[in-house]
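What follows is a single structure, and I will ask about it in a moment.
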Amino acid sequence: MERVDGRKPGQIRPVFMTPNYNKYAEGSVLIEVGDTRVICTATVEERVPPFLKGLGKGWVTAEYAMIPRATGTRTVRESAKGKLGGRTMEIQRLIGRALRSVVNLEALGERTVTLDCDVIQADGGTRTASITGAYVAMILALNKLVEQGMLEKIPVHDFIAATSVGIVRGTPVIDLCYAEDSAAEVDMNVVMTGTGRFVEVQGTGEEATFSRDEMNRLLDLATAGIQELNKVQRQVLGERISAGMGQV
Amino acid sequence: MERVDGRKPGQIRPVFMTPNYNKYAEGSVLIEVGDTRVICTATVEERVPPFLKGLGKGWVTAEYAMIPRATGTRTVRESAKGKLGGRTMEIQRLIGRALRSVVNLEALGERTVTLDCDVIQADGGTRTASITGAYVAMILALNKLVEQGMLEKIPVHDFIAATSVGIVRGTPVIDLCYAEDSAAEVDMNVVMTGTGRFVEVQGTGEEATFSRDEMNRLLDLATAGIQELNKVQRQVLGERISAGMGQV
Amino acid sequence: MERVDGRKPGQIRPVFMTPNYNKYAEGSVLIEVGDTRVICTATVEERVPPFLKGLGKGWVTAEYAMIPRATGTRTVRESAKGKLGGRTMEIQRLIGRALRSVVNLEALGERTVTLDCDVIQADGGTRTASITGAYVAMILALNKLVEQGMLEKIPVHDFIAATSVGIVRGTPVIDLCYAEDSAAEVDMNVVMTGTGRFVEVQGTGEEATFSRDEMNRLLDLATAGIQELNKVQRQVLGERISAGMGQV
Amino acid sequence: MERVDGRKPGQIRPVFMTPNYNKYAEGSVLIEVGDTRVICTATVEERVPPFLKGLGKGWVTAEYAMIPRATGTRTVRESAKGKLGGRTMEIQRLIGRALRSVVNLEALGERTVTLDCDVIQADGGTRTASITGAYVAMILALNKLVEQGMLEKIPVHDFIAATSVGIVRGTPVIDLCYAEDSAAEVDMNVVMTGTGRFVEVQGTGEEATFSRDEMNRLLDLATAGIQELNKVQRQVLGERISAGMGQV
Amino acid sequence: MERVDGRKPGQIRPVFMTPNYNKYAEGSVLIEVGDTRVICTATVEERVPPFLKGLGKGWVTAEYAMIPRATGTRTVRESAKGKLGGRTMEIQRLIGRALRSVVNLEALGERTVTLDCDVIQADGGTRTASITGAYVAMILALNKLVEQGMLEKIPVHDFIAATSVGIVRGTPVIDLCYAEDSAAEVDMNVVMTGTGRFVEVQGTGEEATFSRDEMNRLLDLATAGIQELNKVQRQVLGERISAGMGQV
Amino acid sequence: MERVDGRKPGQIRPVFMTPNYNKYAEGSVLIEVGDTRVICTATVEERVPPFLKGLGKGWVTAEYAMIPRATGTRTVRESAKGKLGGRTMEIQRLIGRALRSVVNLEALGERTVTLDCDVIQADGGTRTASITGAYVAMILALNKLVEQGMLEKIPVHDFIAATSVGIVRGTPVIDLCYAEDSAAEVDMNVVMTGTGRFVEVQGTGEEATFSRDEMNRLLDLATAGIQELNKVQRQVLGERISAGMGQV
């Protein structure tokens, strides 16, 4: 099978990250995965949500949005509609959950890190690019706390990155662009750590189903691709900061 | 490991379904999975959502809600809050997607089947019980269309059922009750067909991660449990109606 | 005049109540009045609304909802619409007001009892069935407080029940089912105590009017019917609990 | 018992109506009942709500609001809160229902008359003053349709007016001002026609109850008071317009 | 050019103000500018918004609304739509800002003055009439605080009034009525102090533009007109109260 | 007076525009004015708002938003709050009005051009940068329609750009950065055409006032600065496209 952009089934798109893209946020990165572009900012606030008050631990949460022309046709703003759609809520819950899996919330202390993922161009894989980018923004923000003497070390013990895999016209492929995504029979988002453990696996066969064998082949592709993403993250963060996150 | 209610790791809770529980709906069932109870009704309407108008195919969608005291402490109504929460949206999107995977929407014609899943008591696994029950309510409603001569045959080619699996204190178990669910390190919802193919796999390690091996063990448990649920569905629907859905 | 279900003008429908229908609520009952079915749960919380803070008295309030297929055609959820309709607000204000009329709020102490009335099948008279059922759920919850030593006695001095009366094709009748209700010229909801005093009388002649004589005949019917409902309540609660509520 | 403003138990407050108070509305009146002041405007539109489309009949509906300082302390605007309160909905449903009871909707034709009742000063009895005033605004608007040749005659066959009655410190009184209303044990709103038939009776004993005897005395007071209100309406509308509404 | 109502280009419409129009508000006025009528009430509350807590200074804010038939065709209520429109927000922000420019917020103390401007008839210039009227209502309310000994003197050092100017069929005119406003090429709202300084200048050429010369002629007209409005304000407030506001 | 960033009173910040910044939008530009950065996209749709249906003319409208960390501290998303704030509405109305002033809506035909201005970094002057950038995005989109043969020529006859001016510690200055803006006594936004005519002048003295002289000096500064902005626009669009917009 020929992929629409000539890639091999197991080949991810080029990934670029511009750290400190925003001058106000405690941490920020512009992540580009092919033509998908997401601004990720990390905000640190010295407060926690009500359900954590007084428990001595922190919180990591995320919000996700797209500008109207991130997409091929204009998408109506959720602020204009007056409510968040189900897809948005699903994605922002996913991003927050994924990042929390490697953060030591007790060591973070009574602080909230909010990751804002604003998609300025969407060519497939925006939620996984958001996770991969938000991880870097979060580490940069936490490193600033270390530099300011507010934390002894970054309270994170592993890398987190994510990619999509799917079955397109019968072939399992990785990192689907929008054209592939709309044609896919099976769509799976995988979030993994740098040490190769799963954080989230969300496989969906809308109007289709998939076998255990197919699932295994998709997970193999994802595992390999995420290791490449971890390498880019390591490079962007630099060896000094990455040291505490283990080998990737 | 002793489970909180004495079950074995691979043992699902007792499942009962009361078909035609509601006198108005085209199809309905009260499903009880242990102490979890969900009223599932299927409504057939001779119209489709705007994005399908004139395409000659139908739609299957779902809504999900809990009464305030479905839970141990009272949950504020989403109607009073004025908006649906992220969890609700995630669940109702999941139920709709799961059921659509086995429905031939062209054969359904320009009709919408809406599955309403109202949880009246929640002891874990409400989303998977909703899928298992909604499937039965949908088949009953479609069978009524067949009896009324509006469809030649039920446009569904397989069974659909769902269960949760997870890792509780290190042990993979199936069909977690609320007490287990709150203590689980890994939580996975699996939707499968009667022929053993996956429709959805959603595995989550909130503040934890899981290995490929653990994932495989969870999928084994789910596969076996869902076959049992398919048998109960077959029994409730009867052989005549179930015939077209294949063996389970 | 023949009533649609063969009843006599002054005959109420069969009434069943299943106490403790819900395992989590402090008090609960499933009330069935003919084909009308309402789950009533009572939640006790150790707090009062802001306008009562520090006044040493409690509060009783109610919420009311219908599942979408409680009705002949599917009703859109108020949570999906994002706001409560006027009818819902009117009904839940009525239920709360009715119950408060026999509760000694000072004796209740700084607590709130919330009655949730969730209609799972609606065949007329859902608001009056909600009142009759919510009364029982409330008493069961308050009795639990007595058993736990948090109250010396149930702070309620009388029974409360409700029914509808109306004029259908010229004849005054009691406890209208949906078919009668839609055809009624005059519709009246009456809430009374066990000692025969009025709590609420809401008579409405939409696109019609009624004379003082007709009003009197309707009140006579309601008075007799509510006494029967009080007897069912007494039976469900048992003599020991009912003792403090006076004779009915 | 001395009433707070020296009135006798059966004495209503002075009533003034300024017809054509607004230069744009098809019909309008400023009604003053004591210190209660309501601007009532009637708008005629050549369309009906969706549920009446193509049925050849019209509709009469109402909306009700208060300016923030209509009340002793400032009330937050419902537009600022983003939703209508239960009290507002209850009142506007009541006004619409009351007026429809004497309108021949078929003779009105496919038109909607919207009555807007804006309370600019509230000293008790705002909902009943709204009904009494809205009736006059509606008749003025319908009369304009007759003058323009769009209707042959005003499609209304009777007067409608409303007042409140209640039990204050044991004494049944009519037309309660705010100070009386807040102290009342029983509160009843009565809407009647010019021919002495009831349209609505809403009696409420919040945290109190009332006997059949008390109810009868309240209805006697209301009947007499509403006849006086009908006379003022007749005077404001003039004999020519009032002719078709019967004697009062 | 002949103006629609025969006025000269620089002539404002007749202005009347009825002080203490409302019996509950701390200060109130009914302002009539031609057929435009606005009820302005001032509410004083002993609290400040969160962003001013503990800073020892007060706040002045405004809200603006129209009753549905203030306009030629009925305008849907913003409370029914569930949100404030952009025009409303723009206007109420403008009114608040305008009044704050002459109030010494430190001398006001930790109090909030809320100006409610409710338009009961709209014939152009409602926002400027609101400012001119709200100023008077505010001074009356502050004077009451002085009389009650809560303030030593009215903490306001100048008058504030506003008018509209615009270019209608090529001619600069002042105080546009609705018919002129809808036909204007350029529309400008000017808020000035009694000492002739600008507070706000908002000039707009929707689908048109204007030259520096035209702008100067509009500002000349506005300056003259606002002096007349100041005189009416001075007259309504009386010399004693007006004394501290400087000459006009 | 020394400006915070060393500029002279009449000196604007460096302005860069990256045309075609977004691959999906019909026209787009990233505009940078100092550290203020706004993504402007223009969407062309072959439909008009309801109030223009069938009138043979088009529409130009705008929306404005900021990502949460566009600002020094995180701003809550309006989509999460469920409604647009007054400031947002004011700004998006201003942008749309400003652009419409130079577009021939009849020549545009029954099309809507929507300008989305998404601020990704805010250092003062975001609304004026949005106008300046949105103008370029709009022209690029209209030029595409010309290239596709859907329009004969770009239906725009002049340039539009905007800047802020204000009085900071007594000195009139242009193009205020955030630090200056928060300290300004008077703040004025000016929108002008390339031929030096005003489109909008919005001058505000929050808690301050300004004289006619000061106003004149501010307008002089704005006029000069906007000519510079027009030159940058001309350069970005190129001579061929700019030809029809007149000299600047």
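A, B, C, D, E and F are the chain letters, set down in written order, and residue numbers restart from 1 in every chain.
Everything that follows uses one rule, which is that a residue touches a chain if its C-beta (ideal position, glycine included) is under 8 Å from a C-beta of that chain, and two chains touch if they have at least 3 such contacts.
It should be emphasised that the depicted structure is a prediction, and the values quoted were computed from it without experimental measurement.
Visitor: Once the contact rule is applied, which chains count as partners of both chain C and chain E?
Guide: Intersection of chain C and chain E contact lists gives D.
Visitor: If you walk touching chains, what's the least steps from chain D to chain E?
Guide: The distance in steps between these two chains is 1.
Visitor: Same residues or different residues: which describes how chain A and chain B meet, taking over half shared numbers as same?
Guide: Homomeric contact, same residues on both sides for the most part.
Visitor: Would you kindly tell me how far, in whole Å, the mean C-alpha position of chain F lies from that of chain C?
Guide: Each chain's C-alpha centroid was found; their separation is 60 Å.
Visitor: Just how far, in Å, is the C-alpha centre of chain F from the one of chain E?
Guide: Each chain reduced to its C-alpha mean, chain E and chain F end up 29 Å apart.
Visitor: Just how far, in Å, is the C-alpha centre of chain D from the one of chain B?
Guide: Chain centroid spacing, chain B to chain D, equals 52 Å.
Visitor: Counting only residues that touch at least 2 other chains, which ones in chain C make the list?
Guide: 82-84
Visitor: Under the touch definition up top, go round the ring from chain A by way of chain F and list the chains.
Guide: A, F, E, D, C, B
Visitor: Along chain F, where are the residues that touch chain E in the complex?
Guide: It is residues 83-87, 89-90, 92-93, 97, 100-102, 105, 158, 188, 193, 196-212, 215, 219, 223 of chain F that touch chain E.
Visitor: Okay, in this complex, where on chain A does chain F touch?
Guide: Residue positions touching the partner: 22-25, 28, 35, 39, 41, 43, 45, 63, 65, 67-72, 74, 77-84, 88, 114, 116, 118, 120-121.
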